[in-house]
Structures are given as structure tokens and as C-alpha cells.
Amino acid sequence: MDDLLRLGKQVLASQPFSTLVGAELTGFSPGSAELTIPVTPQLKQQHGFVHGGVISYAADNALTYAGGSVLGPAVVTSEYKINYLRPAKGTALIARAIVICKSRTQAVCRCDVFTIDEDKENLCAVSQGTIASIGKSSEE
Amino acid sequence: MDDLLRLGKQVLASQPFSTLVGAELTGFSPGSAELTIPVTPQLKQQHGFVHGGVISYAADNALTYAGGSVLGPAVVTSEYKINYLRPAKGTALIARAIVICKSRTQAVCRCDVFTIDEDKENLCAVSQGTIASIGKSSEE
Amino acid sequence: MDDLLRLGKQVLASQPFSTLVGAELTGFSPGSAELTIPVTPQLKQQHGFVHGGVISYAADNALTYAGGSVLGPAVVTSEYKINYLRPAKGTALIARAIVICKSRTQAVCRCDVFTIDEDKENLCAVSQGTIASIGKSSEE
Amino acid sequence: MDDLLRLGKQVLASQPFSTLVGAELTGFSPGSAELTIPVTPQLKQQHGFVHGGVISYAADNALTYAGGSVLGPAVVTSEYKINYLRPAKGTALIARAIVICKSRTQAVCRCDVFTIDEDKENLCAVSQGTIASIGKSSEE
């Protein structure tokens, strides 16, 4: 495992909410990040699908990681939007985010969220947002 | 407690992820909804603030409830965007959503998310999105 | 007319595209801005309604003005989202934007866009976005 | 020129605002659309860059066309968000939109907007939104 991924996993492990959700950082390189969340019963809504809040968490955090991969670890999500495409069912969620454009203090990123259902990936949400460095300005 | 709020609480209680997060429906009337989440250690990120994923969950679910208050219980969030305004710290999160415009099959809603810190409310995120009825079309 | 509104009108007059669209700055004070656009045939789409691009322009520019009212004239829109609520018809568009939260280098703002139809205001779009100062960072 | 592109050009020509802006439909096939706008002085803001409202128009309309390419001509943009990446300068804008996911009544699409500057394409904005069919529901 390379140093960046190892560092990223340490940061994720230090987030109690990410531990609660069961998220794992499964990819992390300059310009991209991948989070995987095994689907457990407690992550669902009343109809048996993965709760939208879990999908949003995955997109948000993957966007943050992607931004952090080029801006450094001191970053926050400033804003994002998400479109849910279909009910999420399966054994795991995978959120893959990439950096679209980077400046000194922020990165605009996109994220695709997939479910894994019987070894098939299904796109279930798409997201786009802004990650801001908090080390280089006083605003966040 | 009126019937709508009672029904809303039953739906929330049937969402395992909402139970995991500890969300409570504290207001629900035609055109508006309020969710309250007591802040516990497991809802935080590595710096001790409430994790953005919890704030997104609160906004998303409050938007869905607001939409559901005018469209009926069979609704989903189609999409939303959120701007985080400041780090969220305090003893509770409160997400208040209202319906801006309703058609037969969808509602556009806005949500403000506050933290409660020493009895003071601080706005920490604003959101806007679309809630769609799933009973009146085959698309969702 | 106060100095801020006069300054704002000068800036708007220096934007060739705003002149092309026929936009007027009808309100401008710390924390808010109002743009008015008389509806002319050339602003319409094929069904006789105001083109969505005009509504987006109005929301975007009103958001920028609102942000500029608290950040100073050197600002740009970083990002925004808009929900169209109903077809826009009438004699004028009015876009009203307010600042929700301001930091040193950016402002999160909301905007409501109305049509004026037989002296009645109808909300036709709602928007939310981020305005960034370009004088205080090198990124924009 | 194929029939779909010819039809698309006719629709664009019937939009007075698109004619005012000078937009041309330069690509249109099932699942994608491309709009090109030659940059003229009247499309600029006060610093000589293309006005954000033009970029928004391009993104919005390209999204609508992409959605229309799979849903049919009776469509509207329900909502979208846009992130501006850098000041837009050059001789033309090109907005390229694709369909990410289509249901019976709506399509979620993404759009990238480029400037052409000395024969080089520069990404200047990214967008994501929902296009709704108006022929299959009464809501729009």
C-alpha cells in the first residue's frame, strides 16, 4: 500500500462517523479517490434500499478525499449537489471521485456512486462540488 | 401530537439509518418539516465537529419530509445541493425544510440546518432540492 | 439614489451582455440586490415563454451583486444551482438575491426570480450559490 | 446532416434568445448534444471575459438538448448546477452535454463548457442537471 493511501486510511479511521457507517478508502491517488461501504441492514431506509443519507455521505466524503489528494489533508467540502438516479440495493456502495479543476485553494470535483449487486456495478448517483483548502485562507 | 407528526415519526422509526444517526422528527405540518439530531461522539469527524455526512443526511431527510408533507408518504429526494457555512459544533443539529413550490408529482424545497450551541442557534448549512412522488409516475 | 446603487448601476452598464439582455439594477444595499429585466420578444424561447437562459442570467447576476454588496466589487460567481418552478411569462423578470452567510473571501447567497404578470408577482425560479472575492486570493 | 441534427437546428432557430446569443447546434445524437457560440463583444462582461450568463445559457441549453435527444422534443430543464472554473476568453464557447441516466420522464445529464483560445480547448465550467419531459406528465 502506498503512503498516500495509508495516510488517507488513517484520516478516515479518525472520523467516528465514517467508522459508524463502515466506510473504507479503497483508492487514493493524486486527483482521485474511491470509498467503499459494505451495505449493512442499519444503512437502509424503510423499503430496504440504502438510505440516501449514506449515498450522500459517500459522495461528500469521496469528493473531499479527491480534493484533498491535490490540496493536502486540510480540506473541507464547501458545497456539492447530488442527483439520485435509482434505488440503491446490493452488497456495497462504491463512490469514485475525481478532480476536474484545481486552483491554489480549491478543487472542483465530480463523484459517481455505484452499487455492487451480484458483481455488477450500477450507477446510482452523480455528484459535483467544491473542496476548499482550510490551510491557505481564514474563511472556512 | 397530531396525526401527521405521529405518522411521520413512525416512518422515521422504520428507517434503520435514521435510527442509527439518532434523528427525531420534531416538526411536521403541511409544507414544512423539522428534524433534530442530538450530537453524539460517533457523529463527528476527526476535528471534533459534526461530520458533513450527518449534516447532509439531515438536510436530505428534512427536504424529503417537507416534500412528503404535501405529496404524501411515497416520495424520494431526486436531487439537492448543499452549501456548508461553518464548522458544526454544539449539542444538537436542527434541519428545517419548507416547500417552495409544489406540482402534482414533485416539490421544490429549501432547508436550513442549524447547530444548537449553548442555547443559541447557528446556521451551519443551506440546501435546496427536488422531492418526487413515486406513486404517480413510474420513473423513480 | 444612494452611492452603492449608483455604483452598481455603473458596473451593470459596463457589462455588454447585461445591456444586451436589458437588465436594470433596481435594488442594491448591503446584503441584497434586485435585478429587473423587461421581457422583450428576443428574450423568449420557441413557446413564447422567457428563455431559461435569461432566468439563469438574472439569478446568477443577482447572486453576484448580492455577494458584491458585502465583499466589494471584485467578485465572481463560483457556483450556483437553480430550480425552475414554472414557465415564465409576463412583462418583466425580477431577481432578488440575499446574502445568507459571509466570510472574508466568499458569500453564500440565495436568489428568488419572479415574473410580473398583470401586476402580480409569480415565483418562477429559486437559486443558491457561492460568490467569491477575487481581490483576496489568487485562485479565481 | 442527419435528421436529428436538422430538427435540433430548427428548434434552436425558433428560440429568439438563442438567436440573440448566436448559438449554433454543432452536434446532436441520441445521448449527447453540442452547442457552439462564437464570442462577440456583446457577450462579454466588464473585464472582457465572456459573461457568466452566456456560459450558463450554453450549459443549460446543451443539457436540455441532451435530454431531448432521448426524451423527445417536449422537454424542459428542471434544475441544474454549474461550477465556473476560470475566466472564459477566446473566440468561441463549446458546451458538450451527455445523458447520464434516463427514465421514462426525465434524464440526468452533465455538461462541460470549453472556450476555444488559439485553437486550444480550455474547460471553463462544469454542470449537472435534470431534464424533464413535459409530454408525459402535467407538472411542468
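Here the chain labels run A, B, C and D in written order, and each chain numbers its own residues starting at 1.
In the analysis below, contacts are C-beta pairs under 8 Å (C-beta built on N, C-alpha and C of every residue); 3 or more make two chains touch, one makes a residue touch a chain.
Remember, it's a predicted structure, so these values are computed and weren't measured experimentally.
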| item | value |
| --- | --- |
| Between A-B and B-C, the pair with more C-beta contacts | A-B |
| Centroid comparison with chain C (C-alpha atoms), farthest chain | A |
| Where chain A and chain C are represented by their mean Cα positions, the distance between them in whole Å | 33 |
| Rounded Å distance, chain A centre to chain B centre (Cα mean) | 20 |
| Chain B and chain C: spacing of chain centres that average the CA atoms, whole Å | 28 |
| Multi-chain contact residues (two or more partners), chain D | 78-79, 81, 83, 86, 108, 130, 140 |
| For the chain B and chain A complex, residues of the former touching the latter | 11, 14-21, 41-46, 51-54, 56-57, 60-61, 64, 76-84, 86-87, 140 |
| Residues of chain D defined as touching chain A within the complex | 81, 83, 85-86, 100-101, 108, 110, 123, 126-130 |
| Chain B contact footprint on chain D (complex, rising order) | 78-79, 81, 103-106, 108, 130, 137-140 |
